[in-house]
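Below, subunit A partners subunit B and then partners subunit C, in two separate complexes.
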Partner chain A sequence: MSSATATTVNAAPVERVPFDRALLLVIPATLFMLLLFIYPFIYGLVLSFEPPKGDALENYRKFFTTDNLWPTIWTTLKLALPATIINVGVALPIAYKMRVKSRWQRWITTLLVVPITLGTVLIAEGMLTYFGPRGWLAQFLQLLHVYDGPIRLTHNYWGVLISLVISGFPFAFLLILSYVTGIDPVLARAASTLGADPKAQFRHIYLPLLAPGLAMCFCLAFVQAFSVFPSAVLLGAPAGPTRVISIAAYEAAFEQYDYSLASAIAMIMGVVQLVIVAFVLSLRNWFYKGPVTGGKG
Partner chain B sequence: MKHDFNELRLDRVTRRFAGHGGHAFNALNELTLTVRRGEFIALLGPSGCGKSTALNCIAGLLPLSGGTIRLDDQRIDTLPPERRGFGMVFQNYALFPHMSVVKNIAFGLRMRGIAQSAIAPRVAHALKLVQLTGQEHKLPGQLSGGQQQRVAIARAIVIEPPLILMDEPLSNLDAKLRLETRSEIRRIHRELGRATIYVTHDQDEALSLADRIVVMKDGVVQQIANPQEVYAQPANLHVARFMGYRNVLHLDVSEENGDRVKVEAPDIKLTGVRKLPLAGKRATVAIRPEEMTIATAPAAENVIAGRVDNVEYGGRDSLVDVVTRGGARLHVRAPVHVAMGADVHVHVPPERVLVYPYDGSDSPAGIP
Partner chain C sequence: MARAADAAVAASAVPAQMQLPWGERVWRGLLWGVMTLFVVNILLMIAAVATNSFARRWLGTWLPQGWTATWYFDAWKEFQLGSVLWVTVEVVFAVVFLALLIGVPAAYTLARRNFPGKRALMLLFLLPLMVPPITYGIPLATVLYQTGLGGTMAGVILANLIPAAPFVILVMTPFIEQIDPNLESAARVFGASTARMFGHVLVPLLAPGILAASLLVLVRTIALFELTFLTAGPDSQTLVVALYYAVFAAGVRAPQSVDAMAMIYMLVTLVWLLIALRFVNPTQLVSRVKEHPQPA
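On to the complex of A and B.
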């Protein structure tokens, strides 16, 4: 190559990538995030280190030494983890069955998803009428003499758990259904020609390909269940077995007017959620995470 | 599951689908075919002709609406695919994306409960057969299309199936790779000697690979014969059109003398060979462009006069369009150079003029 050419190449002005004005479209969303999430979050974080009296860590010390505060972590976990496991565990087989288009698929899917349109308060009202001590279920069972003892499914642990399942299931189901139907069914057919019966097809093809999605679904369902508040008050025993962490934060903020302590409790709540989510997502690294098709389309 | 067989007999295999508006249509209509040990069968036809339906019925991926499939004396059409044990190569490969090359290939052996120590050498042998040694631990997503197709073939043959089914395995590859992989498939079939049923819409693939070709259209078998016969003696006009007989002329029958038939139009007089009993005074004639020659001086018989209307240069030869005085357009493959607008004579030997009953439906060749 001649030196002349090299010189011209070097002398050519550095071409700048023109500014893509479409990028301006992210500004509203960024402002929204900054004003309504980042700023309140930092404000709360700072507030939690500024108790009315005592040093910066006073609120955290108080939380972990007060007998009606620190156990709320376990109370909440005891509700949120089983509810999440039930939701994901029940949604998976149903979604797997619903992957094939059939006449019933649409109806069943619609029926299962309806509760997502109901608010937690509405569900709680309905459950009080249905599951209550003098509710329809109790009256029906006693009428048939199936079970004559008292039925306590509201104002305790079970009431909150049932409501978490009712409100959380459609979400888990929809999410898993979208993962399941995203897997190319030709893979299962290929497996069947290689000698895999339906059970082996699920175990060796669907389950490994679904695993990352299941982990993601578990995390989202868990975070939703962990922040339970209305149903814990309306259907649970908010003074005792279902005194969840959000109730503790609410009491601190709106009964004791200790915003600083309430912020600290909210921070602790966030950390617990993050720990569980990080743990579950780290399990994803054991699985294949790439595209779930079997080759060129 | 058997390791080999003498005969796979398909008897009036039918598959119905619910069509639009609720009325059912036969995607596959009474396919009767006997596949012998070691035979390479090509199911050939345009898309929607029922060839893939037939393959899926044999594999067990689609239940039959009628008919039976027997492997020697055993009825297999009621068995699920995993109990038939046929190896299948899918059009889009269908490799398991979360498994390495080795695990993909070993899958069928694992499902058969074969010991790990016995699996490794068989997988290694299959890898060598498809010439993929060295790629063992890659995921399918890291391979090229051609390599993925080789893995799919290895995965299907490693289980030593009595029958290998291939569903348009080359249609996703580029032209050069398609030729290479085609020879590979031929070589592997020779080495293993396993009966193979190969679905394709490409007549070149069918001609070069198959021992016998089953030509299909609209779910119905048109012809079952060896490649030479399908190529030179198409059973009907559909097959002829599909096998590249591009010149289709509708002419009047002037004389029938045994198989020899004289057909004519005001500007065309031809002697041809009757392939099917003719009905009426009209007939349809099919001629391959390769079998016509261009001469400037008139020869003895079977000569059509015309003027060169179009020349497409194609390297070894050119595709020349000759229009007769009456306006009929003939496609001729000519190794010689001809000038546009030149007056020429086109000659075709009588035995290469195939005369079929009149078919007024002037549909283009059934190529998708």
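On to the complex of A and C.
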């Protein structure tokens, strides 16, 4: 930018500029991304085909034939898909309800959003204390005699699922809320003039307009859930039912120091996730095509 | 319980609404129930951590047998929180500053100009937010360790910048689009250079947006675990990674002192979140995500 200052500070304002200097402004960010995002990615991809021994596909063969590696895909999907569906499914009606401005809207929104800042590690620690076998929740349930058996909500599948909901729901809610408030309420009013009841308004006006946003939200929420790592270690059973794919990748890289295998696992992880994202985004196009978009204002 | 009363008030405050049908009322009650359950459980969870951090001994009873604040001093000494907090501050502020430095100019160009390859560039900036940190974090950590940056503060800052810079770009682009380009033309007519136009026209107008973006990046960076975890060495750990190790090795240490550390962590994020919420309406913060090109 300093060179631009030097050359144009006294120049006449309207001159024919052969090259738009504003385009230069995008270069630092682009270079940074190429150097630290794209380059490592390609490096990892190449590295994954260069195992210490064996041919190029050795890592991938190893992943799909080793008993504690390939099932991690299913383990991860079994956690990530239900968590995402719960988060998006519950956030949608609540956000839809919160679209109307009221005295409570801002307060409730804030309350629901706060858990975003807790972060996965803090949620894990909190859950170990609160949901643990002798925590308040267990004591409360036993006091009410709702369920008298031992309550196990930590160090298993459920602990990880709950933590994914706690950390993922606020995010999904926030995102959907911004999409819902972006839809012009005039459209719904027009529909009600034509005799549509609230249910029909939602079904025929809001839902189709929300579809792209919902698809996007599902993808972002899924990405978060799919890369579950700290809570799967701290709250789950990292050796068994919650041995997710990121644990496998981490172990390969930092416990066995096999960066080649770790890169291969990271690539498989990326592919699985992109397949799901592409599938959801293609569903979106199938939903509604028309002139009205969910734009703000 | 107060929430149910609120619901009743809200329902009765809506005029011109006839007696709601039965199904509608059940549905409404269900929604409020779910929301209350969620919020109450989160608050109790935080309260449990807080209680435990002040507990002398707490085993299977409603409240601990005695109260003490010594765990905070223990945690401070045991986990070297002084230096960890200092590292966190350094990392977070460096990330915010650098993300703004490269993000805002890029956002300006993306908001104002059309050029070949713009969609591809937008995709490049959107991708780090669509790929989980662990997926690119592992190849990135490998590269960083090979260049000698792994385990250093610089490595941690660079790694955290990868989601932070695109985030700034995505938040700032709509902000810049809102500003009337005529103001810039006017500045040009009066002979301002690009740098002066930035300094005297754009930055003051963008101040609220820059503030919002930097606060959001700040809160996100404090909470971002995976990338720091993969790239940090023993003396470049941030608070969240130190907390992870403390919980991970929980058997060795008193749970109360881990909880005390968790409380310190939460207070740090909460303070910044509350500051952020004063300036950013949460419903507006992601309002323009739909404007981004959808990756095909």
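Assume the second predicted complex is superposed on the first by the 269 of 297 C-alpha atoms of A that agree within 3 Å, B and C clash if a C-alpha of one lies under 4 Å from a C-alpha of the other, contacts with A are read in each partner's own complex, and residues count from 1 in each chain.
The rule is short, and it goes like this: contacts are C-beta pairs under 8 Å (C-beta built on N, C-alpha and C of every residue); 3 or more make two chains touch, one makes a residue touch a chain.
No experiment lies behind these values; they were computed from the predicted model shown.
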item: Partner chain(s) touched by A:F41 [first = subunit B, second = subunit C, both, neither]; value: second
item: Touching partner for A:A191 - first (subunit B), second (subunit C), both, neither; value: first
item: Touched subunit A residues, subunit B compared with subunit C; value: C
item: Subunit B versus subunit C as contact partner of A:L214, first or second or both or neither; value: neither
item: Subunit B versus subunit C as contact partner of A:I205, first or second or both or neither; value: first
item: Shared subunit A contacts, counted only where both subunit B and subunit C touch the same residue; value: 293-296
item: For the subunit A and subunit B complex, residues of the former touching the latter; value: 184, 186-187, 189-197, 200, 204-205, 208-209, 287-288, 290-297
item: Subunit A-facing residues of subunit B, complex; value: 59-61, 80-82, 84-88, 90, 92-98, 107-108, 111-112, 139-141, 145, 148, 152, 155-156, 159, 165, 172
item: Residues on subunit C engaged by subunit A in the complex (per definition of touch); value: 6, 10, 13, 24, 28, 31, 34-35, 38-39, 41-42, 44-46, 48-49, 52, 59-60, 62, 101-103, 105-106, 108-110, 112-113, 115, 121, 124-125, 127-136, 138-143, 158-159, 161-162, 165-166, 169, 188-191, 193-196, 198, 219, 222-223, 225-226, 229-230, 240, 243-244, 247-248, 250, 255, 258-259, 262, 265-266, 269-270, 272-273, 277, 281-290, 294-296
item: Subunit C-touching residues of subunit A, taken from the complex the two chains share; value: 1-2, 4-5, 8-9, 11, 13-14, 20-23, 25-26, 28-30, 32-34, 36-41, 43-45, 47, 90, 93-94, 97, 102-104, 106, 108-131, 134-137, 139, 166, 169, 174-175, 177-179, 181-182, 198, 212-213, 216, 219-220, 223-224, 226-227, 229-230, 233-234, 246, 249-250, 253-254, 259, 262-263, 265-267, 269-270, 273, 277-278, 281, 293-296
